[in-house]
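Consider the two complexes below, in which chain A is the common component and chain B and chain C are the respective partners.
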Partner chain A sequence: MTTTERPEVRSRMRHYITQRLIMKGDLSPLSDDDLLFTSGRLDSLDAVELIMSIETDYGINFSDIGFDLTRLDSISAIAALVQQPSAEPA
Partner chain B sequence: MSVESQPYDGAATGVLAKPSWRLIPQIDRDPTLVAGVQEAHGRVLLCCGVGLLAVLFWQIGIDFSSAGLALACAYAGRYRRVLIFLATSLLLWRSGFLVDRTFLARLAIDEGVADRIDQPLVSAAMVAITFALFSVLLAMRGAGAIVLRRPTLGLLVAFLALVVVTQASFTAGTPRVLLWSFLMTFQPYLWFLAYGLVDAAKERAPVWQHLGVFHPFWGATLTPFGKGLSYLRRFEAKTSEELAVTQLKGVKLAAWVLILAIGKICFGELVHGQLRLPMFDDNLLQYLAGHPQPRLVGWASVVVFFVDDLLSMTVFGGVIVATARLAGFRLLRNTYRPLQSATLAEFWNRYYFYYKELLVDHFFYPTFVRCFRGHRRLRMFFATFAAACIGNLLFHFIRDIHFVGEMGLWRAVVGEQSHAFYTFVLAVSVGLSQMRRVPQPAPRGWLRGRLLPCLWVSGFFCVIHIFDAPLDREHSLWQRAEFLFYLLGVTT
Partner chain C sequence: MVAHNLALHFEAVAAASPEALALICEGDSLTFAELNKSANRLARWLTSQGVDRGAVVCLELPKMVEAYALAMACIKIGAPYAFLDPAAPAERARLMLERCRPALIVSVRGGVGSRALIGDADARAALRDAVSRLDDSNLPQTAVITGVDPAYVMFTSGSTGEPKGVVIPHQGVLHLIDWAKHDLGIGPGDRLTNVNPIYFDNSVFDIYAGLLNGAAIVALDALKGRPPAELVSEITKHQCTFFFAVPTLFMFLDSMHLLRPDWLPSVSRFMFGGEGFPLARLRPFYDAFAGKAKLINCYGPTETSCICSGFEIVESTFDTSDGLAPLGRLNPNFSYRILDEDLKPVPAGTAGELWLGGPGVALGYINNPQETARRFRQDPLIQGYRSILYRSGDLVEAEAGSGVLRFRGRADNQVKLRGYRVELEEIDHALVACKGVTRALAVVLQDAGGASRLLAAYAGERLPESELRQHCTAHLPAYMVPGRFIWLEHIPVNANGKADRRSVASLLGEAVARAS
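And then the complex of A and B:
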């Protein structure tokens, strides 16, 4: 699997997260640095869905890289996590 | 286990979300007030308002004096961290570092070494040793050393192993008293250390800053309100406008909590004073003594216990969060409209947010990322079970660890049976609720879509409280089940 370019990752994640926020009735604007979980906009069930999505799409094993929810707490943080070398599958 | 309940609103927009009449005005959204609180005269007025609230709280027996320390920390600028450390240290010192000295004194007598042990000296030494240990662990973690690769698991294993050692015959006498002294000094900080060790690996902060939020001055139980340093940093006001909004939110919450606290007192006076409804504990004891109250009275006491518990939780957590907000940390509320929960998972989240977060952070996620990765639904269920049952049970066993010293390990474990049943039913129910949860709002109307689910959720937690209510070490699971069967009309 090749490393996805940052804009594409951001775009996909923004779309995915926006959809989940809309489902929860949250129509507030979303920027790349907005906090998702610690702000209460997304919950642990959303985190679970996000983890499974990232595992499937990018082949990341969170138990290998050490799970930390703050690394999923914004679109920018997710993009950085997905593209860091240690997160890429062998 | 969700966090969807609390609105995310921080800025002073000048636009009220709901223009209708509100009991507590949305002062944090009024641009004039927000601007005013950033000025000197506005700050003086804010301090006066907080002082008035503290007096009113004092009148009904609630200590809100930490709000003064909170305001001092908020305005301390770059010395805020130092002041938080000092305020926390001061309050911990005043409360004897939360060590249960009565238990230790009784233990020393039971072990026949009371006359040979200088209790105050031992306590002081244990506090010094414990905090030195915390400092070393945090410093090593901060320096990148692999100390306790999985902090929560490591701490729990170490703590419980020492508890088992206290039961060995070779520790009888002075060694047992010293070991218990260490454990009872360590226990109040166990979950703070767990958060601290996780934070220390990613936060380049001095050790004393981590220690400054171990039982921070705004309040906590064994559950950290505000988790650790990194979580708090995310909620810390960075500008004077953010600080003003956060503090006004704190005042608003404190005012709301004051009303609820007065309501709780009136509610208690009405049901127990005027209507002479027995407390839940008395009702259970009377049933077990062979003098059951009428079923209607029994159900009424269960419902009243549930309502009283919700009010107590809201007031107790609200005071803590309001104080933290006055200090400049815009923490989410601990209890937020629990009766509006439409699912079991949602209720648990709305009822005691920071405890749920503790279980999610230390049990749910670690299990979820490691176990059953190829089985989507099983993975979800098992992680929920690990948090709601195993984590929940371990937390309470450690919280009440003095029972091991008083009753012995086996009897203390057996005494957990009712609570174990409670956590098992809770975990299975929440797990199934999680798996069934559909994110889209179901267009089923207000009655079927909102009211009935909310009543079902409240009813479930109301009934299950019978197994979680006080006296849980003194009465068996079967005795409580018999009481429930009686209420349901299954037995007479």
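And then the complex of A and C:
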């Protein structure tokens, strides 16, 4: 499989995360570099959903990144991780 | 200290150490004497509002000083209280209130029923002013409350589509307190976190195992919109020694690099329960605190007074092919049977359904005789006299010799999501109530790390996901709203014509993978 186009990954993640924030009543603007978990805008409940969504959609295994959520702490960070060659789905 | 009800036990603690710190909440600190006096005044106020022994009081409150003081006030007059989530969808709150038939609702929001509102500063001040003139001495009628009187009602998900209110007697909690003292060493000088939501079963442990053993409790709001580092700093600032939460929260803090001795130096015991803790995620937690703090896995359905077993994690815990930590041996005063589908005891080393007995067992589900009769049953091996067991639905296996229980799954469709107990049928019912949906099935997919994801399949009219999400959000608490909704032309059925949840789960697993 070829590398997913960066803009597509970003826009999909942005859409997904914005949806979750809206569900929580968080309507503040969100930039690609804003911290999601460190800031508290997303919580443990969102973490489970986000991780499993990335696992199924992009074939990334959370255990392979040492269960390190700080590597998924912004839209930019997620986009970078998803596009690492080792993270490509088989 | 021997007392036959929770209130007398609390009063004995308050008399023994009146100046000791009892509660830290919203920046306020209350000693045992202050909390007891406040509870006494509120008990008299409740009585003046028409609340008698046996009447239910609903406390639809966040973690505020009044919430804790009102709970103590209720147990003093023998009026079981029910904490309700003040953010619960109105429809769900209505169902819970209908079952409770409360004599009074103390709430921060308006709604049906006889309510005392303390939602804003003025209303709170008015209540404080009204009760300040009342007598603050212990009430004589407290002495007549017995161990089998109801202490509280705790709501949990129900498979019929509506939550069930579990009624717990004083004696069940007295045994929990005793276990916490002897097995966990909780006593004066300890400080327990109350991070668990107050309307969630785990809070029962925080409040009673703490306060009634002379320890202080620190009310903390989990993570709602605030940085996780702030929660951890607050636990350390208040010098908490005992931290009880669901595995999901500990795993979250660990994945944010916050579950470390340098962040939490005062905690000497961590306890988790409400859902299984995957050993792969427990390992780094255990290693980080080895020699510095104990880790305890606990187990217990809401129907058996919060906790019925505990297991201290040790190095050898990880020498197993099991994915989860053991549940441990049952606490003193619990009896149990492990039965097969024909209600016969299983041979040693075989999994079967756990049936629990003893004084920790609930009195039933409030105003719900049908569900009570279904789960609280006569011990099938005893015919000569009455012996009621709670049929847990948990499949367990007992280790020969030690009696240590290990979890082996569920006999029904109950799942645990972030520690909350969820009957999948409750979600099915909510979805089918959405216009255009003819059939719906919620399923949980699990990943290798043990994380669970909630999805829903539906048939009927194909609807925008946002509409389905909105509908669910209006009827269900946030943790019960599926992450994705997948339309299927037909919901697969089994040989009996019943919707087949297992087939749907595998279909959805494929559908989600394909969508990427």
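Basically, the second predicted complex is superposed on the first by the 85 of 90 C-alpha atoms of A that agree within 3 Å, B and C clash if a C-alpha of one lies under 4 Å from a C-alpha of the other, contacts with A are read in each partner's own complex, and residues count from 1 in each chain.
Definition applied: a contact is a pair of C-beta atoms (placed from the backbone, for glycine too) under 8 Å apart; a residue touches a chain by one contact, two chains touch by 3 or more.
Bear in mind the structure is a predicted one, so any value in this text is a computation, not a measurement.
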Output check: A:Arg41 vs chain B and chain C. Expected answer is one of first, second, both, neither. What do you get? both
After lining up the shared chain so the two structures overlap, which partner does A:Asp57 touch, if you call chain B first and chain C second: first, second, both or neither? second
With the two complexes superposed on chain A, say which partner A:Ser28 touches: chain B (first), chain C (second), both, or neither. first
Once chain A of both complexes is superposed, is A:Leu69 in touch with chain B (first), chain C (second), both, or neither? both
Do chain B and chain C land on any of the same chain A residues, and which? 23-24, 26, 37-41, 43-45, 47-48, 51-52, 55, 61-63, 67-70
Listed in rising order, the residues of chain C that touch chain A in the complex are 222-230, 248-249, 251-252, 254-257, 280-281, 284, 418, 445, 447-449, 451-453, 466, 469, 473, 478-479, 481, 483, 512-513, 515-516
Chain A-touching residues of chain B, taken from the complex the two chains share: 1-8, 198, 202, 230-231, 234-235, 332, 345, 349, 360-361, 364-366, 368-370, 373, 376, 380, 383, 434, 437, 439-441
Chain A residues touching chain C - in the complex, by the definition given at the top: 19, 23-24, 26, 37-41, 43-45, 47-49, 51-53, 55-59, 61-63, 67-70, 89
Per the touch rule above, chain A residues touching chain B in the complex are 20, 23-26, 28, 35, 37-48, 51-52, 55, 61-63, 67-70
